[in-house]
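A, B, C and D label the chains in the order they appear, each numbered from 1.
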């Protein structure tokens, strides 16, 4: 065993012609699941191609388990990729493709067959693995793609939109599978647009926009670093004016939005004070509050803050 | 009036199990979610309704038009947005929308006018004259919506319309479709696997499974969960759990998430059953006793996702037993 | 009120209920086909060839007649010359015309299949037959333009080189020749376009279609040339497998001309039968494919 | 997995990649169609030959113009050329790029698969033509014809394969090359013939089997005598000189050089290319 699974990018810039797709990215993906997020055109796909050695950086270097992926083909034995597109060999079954690709790793026929079968069973294609892939539904193709990425037991897994086209039942299974892969200590990079599913898989994300990394860490860490953004708390109440009067008096509150008839939305720079004061007021003075909930703590809100306004 | 009405619809391909088996349903006005796992029969249903398949048993109609007899008229009044990344090869955004408008019966000039209007509406004003092949995934989805809208149809069939869109674009798209239904009288059938989106945009949903109708419900009936509350707090976790127990508030098994984000020592979340006249007060009191600060406390709304999984799970259990 | 509604606006213009729903498909295909650089270059080549034929052949009739007739060239009338030039022109362009159909038509259905655009057509009030008609007539129209315009220009040139007092009667006498040319151009274009579109549907790739089409056209030509060695009852159908020759046989028949060194020629009936079969086969293949398309992926 | 392998030996796992390419190609409809048409044409024209007054001379004509001059470039175009370009267009290449296999290996392996398949079809077509012609030229001649047909497909195929892999419109270029250079130039008088790759392939055949054919047909003897000597074509009313056939070693050298240069240049460029795979 060599070094722990990791992907490091050191000052990586990539341009095609005059198009700059990735701009001076330095980042590390360690063991466990990391979400790779960003709006369309943020440079995620290029980053994935750089990491998997399909592209070489224009400036800087990419290290995959401490070795540049383009240095020698054998590094690739440690990577599995689920590509975003849906490339299929017409007339070939998932089992055939998977075992063939395994044989490219130097496995003999028998080994390749048993590993391929195991991988296909793991992704839930046990029944369909001998049917031609072109007859698969989009969700089954997604599973087949996942199987070929897993079959050689790679340390680093790069999944580009792995849930695309899966039905809700399949999504649950694959989310669980990705979590399990991360828990096994692999370095799993998941690119996705569906934030609540990323949230289900991992709390650690790397956010890109305009070719640059704009934030990395857990959602809560990133949210805390966005200290210039006040926290917005929605307070459901039968008498908004009364709650508003109370909120205005709390230290750190910046604004109170009264536009709805059954709630107020409070923005505060010091959320802890607000929560403490509110608990006190509800218990002590009987402030009429039904429930309360910060609305911009989740990944969706963080994402929006970081990508809005040209980032 | 039912926008889409189907009764005793059965369609089988060859000798395999029927794709649709004696399905009767009505899709009403506004936005209706059409849900179901892969192979549930959604595409077959759409194809029957559009008259693309005619050898089915039973009847199907759209806006009162018979799917077998009036299929061309139905297609004139329906806009369809396919799931696949469909593009007319080698055309700019405007050209392809204009062209499809003509195919729906608009004159060339009217179609060109409408194409511009629809593309502006979906937010592609900057990319009107660029080739569709250069569009990003999100732009292609908008282009497909413009194509579906160009002939001003009364009914829109949208198949997985927001897949591949980034969150901001998805929000905009959901708002566009909601506005079409709310302000412009369009009826929308939204077929998707992304249940949270459906919950946000639809007024009702229909669930198909293995060629059968599994159930239908109105989104507004997904009432607030009543006595199940989601609580997030900071402070001593064990003391808080004890305090909850003392106040007779039952912690739902397996829902306690402590320190989910390594860095956030002391922050935890749980689902709690809270009965009584003053649920928030009870929770806050328990927290105060434990010295914990509640950051969030609200009754748990039932998620469409949970309902869906319950329905499909029950169906599986049913077939497994028989 | 000065603030106008900004959001969606309903369409008030109404829709037509056109009977010829394939026409927009033809128009769009025609526009796409004639806009390309390849078409313009090919057009230039055609102009060069027309000038060459116009000048060389009309002015040097000896080139057009077999050696044994050359002694008596004085007997050749201007009418004969005209018809021979036209027949000869058709033969000279025999290799280029299929290329036009190939470049314009190879992608027609294949590109739609690959970019999954077929459902976009079929969920509109467009039937599979409309789709087929549109997809066949577009490359046919482009080919007919590329082939027909120079051809008709050649007829005009042939008329204009007559002295002014002869010109009207001469033109009148050659109206049937013009008709024959137009019909020939139409049949050639339609046959090639049908074959290209059929192959485009079957192969499903633009490039593969080009290879297959080249094989069909070239193979047909080879079969025709080799048919001499075949037993007589087999020779006739073999000859008719060369589409270009079939269309030229019709032209020769209508112009009442025979050209030397053209190799074995099929009979008019088998030529017509093969040409018609190509078109019908195309209809069958494309319509079937369009019928079987699944609207969702 | 074997993680401590330092470096892969050159062309490691070539066999796996080539076998896959071969199996894929043989199972495709394209192969069935091309093989059926080639064998059918070989049988049909062979049968025509058998009815000829001088079947021996006609068979040589058929092998020369029909099999080598026409069928070989078309088979190469149909079966060999697409190998790599199609994987790029279908994006299936992406699966290979993230495997521990060198890109040169992949490139050469896919060629080998296509060339083997095409060569098989070409050789079979030559054999079928021999059999159908009923001339019984002997095993050596049949084997030589089959070998030359196979070598022809492999040679012409290498050129097309590299073109198709390197340029997006490579196959169109190959198509134009086939119809303009191969099919037109090879039948023209003068040095221009030598620009056609098939001229050298045909030379191989003539150098190998001309004597056997000449022993049985006067027409062949005359044709051999005609080549390289100036004569007058009464039809064209001008003197022509048919270019003599390339000698066996130089023809073989030309073919080998074309294969090697195509593959080496192709592999170099393919290895260095950024696989943006966008398109």
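Just so it is clear, a contact is a pair of C-beta atoms (placed from the backbone, for glycine too) under 8 Å apart; a residue touches a chain by one contact, two chains touch by 3 or more.
Please read these numbers as outputs of a predicted model, since none were measured by experiment.
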item	value
Chain separated most widely from chain A, comparing mean CA positions	C
Result of counting contacting C-beta pairs for A-D and C-D, higher pair	A-D
Separation of chain B from chain D, taking each centre as the mean of its C-alpha atoms, in whole Å	56
Centre-to-centre distance between chain D and chain C (centres being mean Cα positions), rounded to whole Å	32
For chain A paired with chain D, centre-to-centre distance based on mean C-alpha positions, whole Å	50
Multi-chain contact sites of chain B, meaning residues that touch two or more partners	83
For chain D, residues contacting two or more additional chains	none
Touching two or more other chains - residues of chain A	138
Touching residues on chain B, where the partner in the complex is chain A	35-40, 83, 136-139, 160, 163-170, 193-196, 229, 260-264, 267, 280-281, 284-285, 287-288, 293-299, 305, 308-309, 312
Contact footprint of chain B on chain C as seen in their complex	7-11, 13, 15-18, 21, 24-25, 28, 32, 107, 111-112, 114-117, 119-127, 294-297
Footprint of chain C on chain D - complex, ascending	30, 37, 41, 45, 48-49, 51-52, 58, 66, 70, 74, 77-78, 82, 89, 171-172, 175, 178-179, 183, 235
Of all residues in chain A, those that touch chain D in their complex	1-2, 16, 49, 52-56, 72-81, 83, 85, 87-92, 97, 100-101, 103-106, 148, 152-153
Residues of chain C touching chain D in the complex	205, 207-208, 210-211, 214-215, 218-219, 222, 226, 229-231, 261
